[in-house]
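Note that the chains take the letters A, B and C in the order they are written out, and that residue 1 is the start of every chain.
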Amino acid sequence: MNKPFAITLDVGSSLANLTGSWRTSKPVYVDRIPPCNMTCPAGEDIQGWLYHAESGDYRAAWEHLMRENPLPAIMGRACYHTCESACNRGQLDTAVSIHAVERFLGDLAIKEGWLITDKAPPTGKKVLVIGAGPSGLSASYHLARLGHAVTLCDAGPLPGGMMRFGIPKYRLPREVLDAEIGRIVALGVELKLNTKIDDIPKAMKDGGYDACFAAVGAHLAKRVDIPAPDAARILDAVSVLRHMETGEEPPMLGRRVIVYGGGNTAMDVARTAKRLGAEAMVVYRRTREQMPAHDFEVREAEEEGVVMHWLRTVKQVDEASFTVEKMTIGADGWPQPTGEFETIEADTLVLALGQEVDTTVLSKIDGVKVTRDGTIQVDQGMMTGYPGLFAGGDMVPSDRTVTVAVGHGKKAARNIDSWLKGASFAPTPRHGLATFERLNPWYYTDAPKTVQPTLDILRRRTSFEEIHSGLDETNALFEARRCLSCGNCFECDNCFGVCPDNAVIKLGPGKRFDFNYDFCKGCGICAAECPCGAIDMVPEEK
Amino acid sequence: MPNETVQPIKFYQTGTLTVGNRLLDPEKRTVQASGERTNAITSGHRACQGCGEALGARYALDAAMRATGNRVVAVNATGCLEVFTTPYPETAWQLPWLHSLFGNAAAVASGVAAAMRAKGRPEVRVIAQGGDGGTTDIGFGCLSGMFERNDDVLYICYDNEAYMNTGVQRSSATPPAARTATTPAVGDKPGNVFGTGKNLPLIAMAHGIPYVATASVADLRDLEAKVQKAMTIRGARYIHVFVPCPLGWGSASQDTIKLARLAIESGLFPVFEAEYGEVVRSRAIRRKVPVEDYLKPQRRFAHLFKAGKPDVDRIARLQAVADANIKRFNLLRPDGDA
Amino acid sequence: MLKQIEGSQAMAEAIGLCRPEVICAYPITPQTHIVEGLGAMVKDGRLKGCEYLNVESEFAALSVAIGSSAAGARTYTATASQGLLFMLEAVYNASGLGLPIVMTLGNRAIGAPINIWNDHSDAMAARDAGWIMLFAESNQEAVDLHIQAFRLAEELSVPVMVCVDGFILTHAVERLDIPSQEQVDAFLPPFEPVQVLDPADPISIGAMVGPEAFTEVRYLAHHKQMTALDRIPELAADFAAAFGREAGGLLKSYRLDDAETVVLAMGSVMGTIKDVIDDMRADGARIGGVSLCSFRPFPIGPVREALQNAKRVVVVEKDLAVGLGGVVAANVRMAMRVFDVPVCTVIAGLGGRSIPKTSLRRTFEAAARNELEGLHFLDLNWDVVNRELERAGEKRRSGPVAENILKDLGLIMHKVM
């Protein structure tokens, strides 16, 4: 075509005009740590595994999850999910039900018999793990995956620690527990039960272990002196719950049980007593708001018929009645006695006042230090003062939850691995937090969380059936897709679409995007319209 | 009036509002999400930073290109879009494109359509486009003629509510109270006068043409669906696209889409569809906001929000405009969440 | 084929024979009969493959034409007078974009005062718009010029305006030779545009051009018209060979041998002028004439050549550049600037005023005696003019001029006070 000069132009010739020179600030892609990941005591990459679950690739999601945590089916039930309290979606409608998706993945893995097969080649190093609770299991799993030979010893007859002897069946069915422990054993971990180790340095030396991880937990029940006749039945929560697992007959709790304490264990015992047919009461010296138990535990206990007595202390135990004193909260926030007394009819008192660590084995080892509150002191890499001896879980100062314990196990394993290689473990530096303010929530469709089906109340009061069911696949997928992907690009194409200058390059699935700074004028629409806050505008240098 | 035109995708994690969604079937994704989109206006054009018109025009024409298998001829009125895309020796267009005059785009497009019919190439479709000045004012005669003849042209107006190319003068699409160079923010009634202006979508409907729609750069899926639908119809069609102008409105360049969104969510810009003169659908408000939320980020309305002395009366009159739209187009209803 | 036919209908038939693909119509007297005729031909199927659009204004008419021409369709429209002014922006645009549109201009006066009758004021208003402007002397030539116009326009990618005198030609019924379809098809090949809006080969037409290239664009438009100075006579010769009669060309000389006084004019008035020349020649006067067909491009060389032996030139023109005089004469003087020959302007026929032979003869004779002033208004009624000037001199607000003149002429009653 002999086009008229200047008036008629060849298409697309504007590419010669590099408008990037107009820019005073430029967009850059960033990654931020989402609040769920930030708060997870087990250090899970929650957003990472939800990403796979969103596309229905549950195997990939499970494997991603298993990088950090070997117990998803357990965790999906027993974890108190701080991730969900932190979830930015909570500010939009309701938090993503992360635990429910985790449980779905864990249950699916059990159902499908998925196994972890990728293991590092054998290192030739041997590690002794003492205590088959969540921390010890987690450490064993990670050490095994890192190629070390692991022997896991437990003094008890069954593995699982507090997961078995502390968490009632109605919250954690034992077949789930057994399946996930079995998978760790299948990884090549040697499990020795009924094996109590009294001299760790000797056991290490005799067995040829290069390192040891001790996680024997805290199961000495705290006691309190209450005047009582010899005939009075006073039990402790740990023993009651343990008896549920080991005894041939259920524990003899009598007709009316008073559980003394306000923690989660108190709730567990009260609810167990209720299921055993007793009338269960909780006596706690402060208010409901001040109870350390999680709100949902208290609420569920109440639903099941557990009677709560707030602001009371047990002063006197008799055979068929208890004297309690009314308390009031003083100006300093602590409960004060009022001098007013009441009588409650009951025949059993279960103390649920917390547990302490049995430090006798460790405290005698050279260099191992016991802290003022009776726990074992460890350094940042979870090592005690005795070289090669690491400790974690309820033994060391921290929150005593299954999730924290699992996190300790992982952290210890990675530090042991580095220590064995003569290096020190350096965790990847964390990005800044993906706060809610960085999001553009407009782009997220309204989708309140899926409610997990709950067992009907009559059966909850009388049986040990699991009270919460899992999500079906549709619901789990829906729930996974509620994730906002805070702080990390999830390839929604918004930046690619909204750029008035076509200055965003789409790199293809999984590869995210790039900016074409030849043409980007720096308007900032991409950053403003990025749903998840994964673009920052930074000033151009002169 | 359900939102039928919009693809009914309830798809989390982002639902229907992001440009793309890796979880969607590829054929249900937007044109803009595709790496193979036409980029009808390619890079290197000279639109200001954050130009809503550059964005809206690319959205619309890329959608039209996909809908027609790339058989589109575009006719452009004089204005920003024309100037920033085709300063000799460079053009940003990637489709056959013709610029004639300010006021005749609709007629020129009629001519192209007539030629395609005469040449036996009816599959080549014609889109005329212009700004609000070129559409509601100087081009109105030709536009009305094109409508009345029911010529096979889709006319797209990119409405940024004033003559931006010439330095932000008032047009008949300028909203009340807005400051422009010819309605300055001085005197006791600063900005544009209340009770003036024309509503071109309603005028277009009065011609009884097959299809009239309003759309916004804040709702890509809706815009693309409307263009796509328009391309399935023969005869005169009109789409009025709301495109914020950072320069003329005194808004931050990154707020272009946000302002367009607030215009919808406040009710000031009703998004609807009409067939043969009757409104058949509207896009419900999702998160209703007071008009202040929309007005405040724009310097053209700054005189309404003088420190300590907000112009309560005139803000209320603008709210009344929004409320009237909400009522007229039934914008507040339960299906409001997209 | 010979037909007794109205000029407009004849032109419509000729245009139809050129197989236009898009026709835009907007009514304005006196071109209306042409587009009416074409409309009927499209409607009854005589003219096939043609889109006929009734538009809402002349501005739209030419705008539609711009679109269809750019899309590769042979495009025709017609207008007159106010209509041309209303579309003037598009007139410039069509030529600027190099679109080979053919448009008939039914020459008519421009208001105010509004006037539907013939003169050339409209054409003169568009004289620098970049169109080729051809003036028809007769209806036969009007028919023939349209056929040549399409070929010329499409060869050069430039719009062509065929100017025909309103009423005098458009509404005159006479015997005309309408060529056959075969003849026209043989003369006029199908339209092959140099640029076209085509999705298969996209281009951007109508870019904004700044100071860096605008002069060059304008020069190239000028150059194109200079090229037309060669092509117009060639096409006229081709046409004569194919159709057996003369039509078009840059200009036509009439009895110039030994002529001392040469009268130059455009359009149908040339017929009257030729009669006067014949009468005066019969009485021994050395007078001849030049009929200018191509006003744009203005054939400076051929005009100079035609007039080189004249002792004086009289330009009779139906327009007035208010404040200057004759437009055509000014152009002729440019051609004659190398000679010391007086060029007089006779402003005649404004707003349809008749141009009697007697008046012309009187004027030409005065010219031959070197008594004609440089700017002469034919048959100007000085009584009326002087009375109005007197009134205006007495009282600044002396009322509407046109009404005063009509009152003076006794054509309307004085208002009863």
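FYI, contacts are C-beta pairs under 8 Å (C-beta built on N, C-alpha and C of every residue); 3 or more make two chains touch, one makes a residue touch a chain.
Bear in mind the structure is a predicted one, so any value in this text is a computation, not a measurement.
Under the stated contact rule, the graph of chain-to-chain touches is complete, every pair of chains being in contact. Centrality by C-alpha centroid: the chain sitting nearest the overall protein C-alpha mean is B.
Mean C-alpha positions place chain A and chain C at a centre distance of 92 Å. Distance between chain centres (mean CA atoms), chain A to chain B: 50 Å.
Computed from the mean C-alpha positions, the centre of chain B lies at a distance of 44 Å from the centre of chain C. Listed for chain C are residues 97, 201-207, 209, 213, each touching two or more other chains. With touch defined as above, residues shared between interfaces to two or more other chains in chain A number as follows: 6-7, 9-11. Shared interface positions of chain B, i.e. residues touching 2 or more other chains, are given as 85-86, 88-89, 91, 93-95, 97. Only residues 70-73, 75-76, 82-83, 85-89, 91, 93-101, 103-104, 107-119, 124, 141-142, 144-145, 148-149, 151 of chain B touch chain C when the two sit together in their complex.
Looking at the complex, you find that chain C touches chain B at residues 21-22, 24, 49-51, 53-57, 59-61, 63-73, 75, 89-90, 93, 97, 197-199, 201-210, 212-213. Taken in their complex, chain B has these residues touching chain A: 10-23, 29-30, 32-33, 35, 39, 41-47, 49-52, 54-55, 58, 85-86, 88-95, 97, 220, 246, 252-258, 261, 287, 337-338.
On the chain A side of its complex with chain C, the touching residues are 1-11. Remark: chain C residues 96-98, 157, 194-196, 201-207, 209, 213-214, 216-217, 220 touch chain A in the complex.
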